[in-house]
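Chains: A, B, C and D, in written order; residue numbering restarts at 1 for each.
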């Protein structure tokens, strides 16, 4: 299927044409932009640099029921799944993050909850034309218009979007809305490509990751970990807002005579995360936790799955309350190697 | 739904005054509504204001904390601390959008069986007026 | 929904028998458990050294080592120390009660590789629980292995698990058992002192021997040092680690030591592997 | 007037003292308008120290956050002082910690920095979203001057200062071992306008307002961790036995969390505004805190963090406390 044009004026019709599908898109909630299920009257908010909360919560919700039961019983009822939907307006970096996390949720044992959402949804990207200050996707093999993990890519051409289906799933979705779409001209395609290139050139920050995965564990006792973690508050911003962070906790919750076992995001920056029942903590201070976070992303994940678990979206830098800057850490790592 | 709505009240009573007062009401065969779920605590000062939050979360439509009159506390000063805490928690709950009618505190001594009846009826009546609590009630919609 | 099976969903099992191993604040109770579903009872296979996620609906789950060898029969045994919410609730279980079990998780002791060797286990406190299956396994396959030595200590004689079994093994000349307590106590006929010192006292020869250790982190550290003093090679030493776990199959992220997941790459580790990971002995 | 030379010299001297472990100050951050806490163990690092309208972080947090790792047998705990640079609000946090014995007076050296108000980073970054290079800033004639890539620009206080600074009544440290420069004029008046606005609504409207905000909470706990007054070693939020609130993230649990947090700060919050600054999803947390601040002031004529000899509000009482709400 060739590229097509979606006029911005027809956005409402487009959403309607997709039918009863669940459609997730960025929505303004106060000052905060995050992905949520579109209501009937809602229009996707597509004029943004990036969302505060990454779209990972569409496929890996912050809290998710694994199964429900009655107290005293032995029957476990899993939530009904299998619904199909679409996610619109994902930045290419966040989409890449999903394809990176896919390998974690499908290695050895498949995680049915994650994978079902991943295959049930169609992911429509929105090329990034104005990278933020702290974007560094190009350093990690990504690009402002990367297509990895996406089923279609949209590019903003001022009064319209150029829509390029990338997979069968993407094509199928857009066929439903064929009436509202127009054919794209060669000029449209060319101008989109030009914008993509310009955007890539605008990415201001970078780091050379060459050698980091292999050498990082060698810096185990380096002073740099103390320096970078001195100011760390031990909060969960960097991990909760990270599109590739995937750690979770499992808890039982009981209400009256009914209960559920559910999982929720957890963060390696919390002390409780590794605390043993005996009171012993293998990562007793923020120094060890910071070191583990960086090592996990830049070394352990590479060992296990062959790719760095960071896409350079810059959220952890943007939102860290005390200016712990992963690029700064990586630069120090490079110097120390 | 012709059935009348009956509010569910969780009451924390101090062992020495209010619980004894409620007991007196019982032994004196005073009739009053049965909407109360009583939790006996040693002192109103033991009631963590988060208990109230928790009660509301888990299905209470109103909360009552009752202790000894000022100066009569079995532990000398427990109810004074409770008074400060609940004055603040009340303001906070009201500010976040919980009707003030749902959150009550009373002084009932061991000899005030009749006052106990009045307090209970007032609390239940107030809660009935504002209807079921659903602001931050835990519910399975999220499940 | 989950067509290919849901790894988060446990099996229901019934507690068949329970008894206390030790008493006190942190008492240890052993649960003998049988799966309700006959198909699972038959198809369940675990190897010495593996763990399972056991729990109660409405309370939660904990990763606990399976403390019986598959050679003992179609049941599972868990020795649980009373610590937090889940283990306290497990302690309340009586025969006939239901609980949940999923697993088995992790790798296991490479029992086939060890054929023809002498086996020595060095345990401390509740750390004996993951060592018990290997002792039982070697006992059941005595023809395949040479001598079995058990070194085990705890704070007091009241804190020793599986006490009767050691006496029985010594009496039947199945294994050479060395027990110790940390503090002198009246009527204690065996060694007094810490497990690493007992190890030096026993002074095993490293020749054709495999040493397996499990216990509190501090004890493991000193046992490893002493084993090196006794000229054990790194690849002759095994240990089993446990970290906090939630899923059991390499998703939830928290059990890693360096680039290894304890739930997948462990809990049994060769010292040669672990030595390369600075975090392993934190 | 801020005198960086004087600041750095003083820091050098203080950190060289035998009884000082390290000094916590501010330095330029890695990009744009951000600044970073600076942990200084030797005098050589003094040249990085700054004090400017960008120094929002309340460093008093770090006094209670130092991790108490187990001390090896036979070793004594390090009881040397931690020197900390404080603005007016930060000094109140230190005082309140002293009142609660969260910090020991003998173990802290307070360097007072009278402050004309710090900027609201969110406001500034909205104005200038693409500034990568580190920006310098200073106070000048009641205005804030920013050295932007295109040249210097001045802004009136109202335009760029954080809300807490516009209503600040304690810009000068209330307790300090040394004060680096002259005290500044108190310009702030607290009218609680935004709190009153909410108070004017009915319960339904108020709940609608808060529900909307609180449903966004992702429970990253940054508001708790950044707070200089939140230093319990064992927080109710992490407790599982008993479980005070579930870890699942939904309006009910988030509200319980925010209520617990705000309530635990009643009579303790010193209005440094850090919780609201760090919140990634823009929950107006200071409204909750200031509501309680206002009530505490009105009902108990108490303001926390002013007098190290005072007693904590909730650990004291007066027999004639108000009780008009009691049946």
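Keep this in mind: a contact is a pair of C-beta atoms (placed from the backbone, for glycine too) under 8 Å apart; a residue touches a chain by one contact, two chains touch by 3 or more.
In this text, all values refer to a predicted model and were calculated from it rather than measured experimentally.
K.L.:
Going by the contact rule set out at the top, which chains touch both chain C and chain D?
P.N.:
Where chain C and chain D share a partner, that partner set is A.
K.L.:
Let me check something: if the centre of a chain is the mean of its CA atoms, which chain is farthest from chain B?
P.N.:
Of all the other chains, the one whose centre lies farthest from chain B is C.
K.L.:
Using the average of all C-alpha atoms in each chain as its centre, how far is it in Å between chain A and chain D?
P.N.:
About 31 Å separates the centre of chain A from that of chain D.
K.L.:
Where the CA atoms of chain B average out and where those of chain C average out, how many Å apart are those spots?
P.N.:
Centre-to-centre distance between chain B and chain C: 50 Å.
K.L.:
Calculate how many whole Å lie between the centre of chain A and the centre of chain B, each centre taken as the average of the chain's C-alpha atoms.
P.N.:
Inter-chain centre distance comes to 46 Å.
K.L.:
Can you check how far apart chain A and chain C are, centre to centre, with Cα atoms defining each centre and the answer in Å?
P.N.:
Taking the average C-alpha coordinate of chain A and of chain C, the gap between them is 39 Å.
K.L.:
Any chance you could list the residues of chain B touching two or more other chains?
P.N.:
Residues 138-139, 142 of chain B each touch two or more of the other chains.
K.L.:
Of all residues in chain C, which are in touch with two or more distinct other chains?
P.N.:
Only 60, 84 qualify.
K.L.:
Among all residues of chain A, which ones touch two or more of the remaining chains?
P.N.:
Within chain A, the residues that touch at least two other chains are 63, 79, 249, 251, 262, 284.
K.L.:
In the complex of these two chains, what residues of chain D are touching chain C?
P.N.:
Those residues of chain D that touch chain C are 240-241.
K.L.:
If we count contacts the way the header does, which residues on chain C are in touch with chain A in the complex?
P.N.:
So the residues of chain C in touch with chain A come to 1-10, 12, 36, 55, 57-62, 81, 83-84, 87, 98, 216-217, 242-244, 246-247, 249-254, 256-259, 264, 277-279, 282.
K.L.:
Which residues of chain A touch chain C in the complex?
P.N.:
Those residues of chain A that touch chain C are 66-67, 69, 71, 73-74, 76, 78-82, 104-105, 107-113, 116, 217, 220-221, 246-252, 254, 259, 261, 263, 266, 268, 273-278, 280, 282-284, 288, 292, 295-296, 299-300, 303-304.
K.L.:
Going by the contact rule at the top, pick out the chain C residues touching chain D in the complex.
P.N.:
60, 84-85, 88
K.L.:
Under the touch definition given earlier, write down the residues of chain D that touch chain B in their complex.
P.N.:
Residues 195, 198-199, 203-211, 236, 244-246, 248, 250-253, 255-256, 258-260, 262-263, 266-267, 288, 291-292, 295-296, 299-300, 313-315, 317-319, 321-323, 325-327 of chain D touch chain B in their complex.
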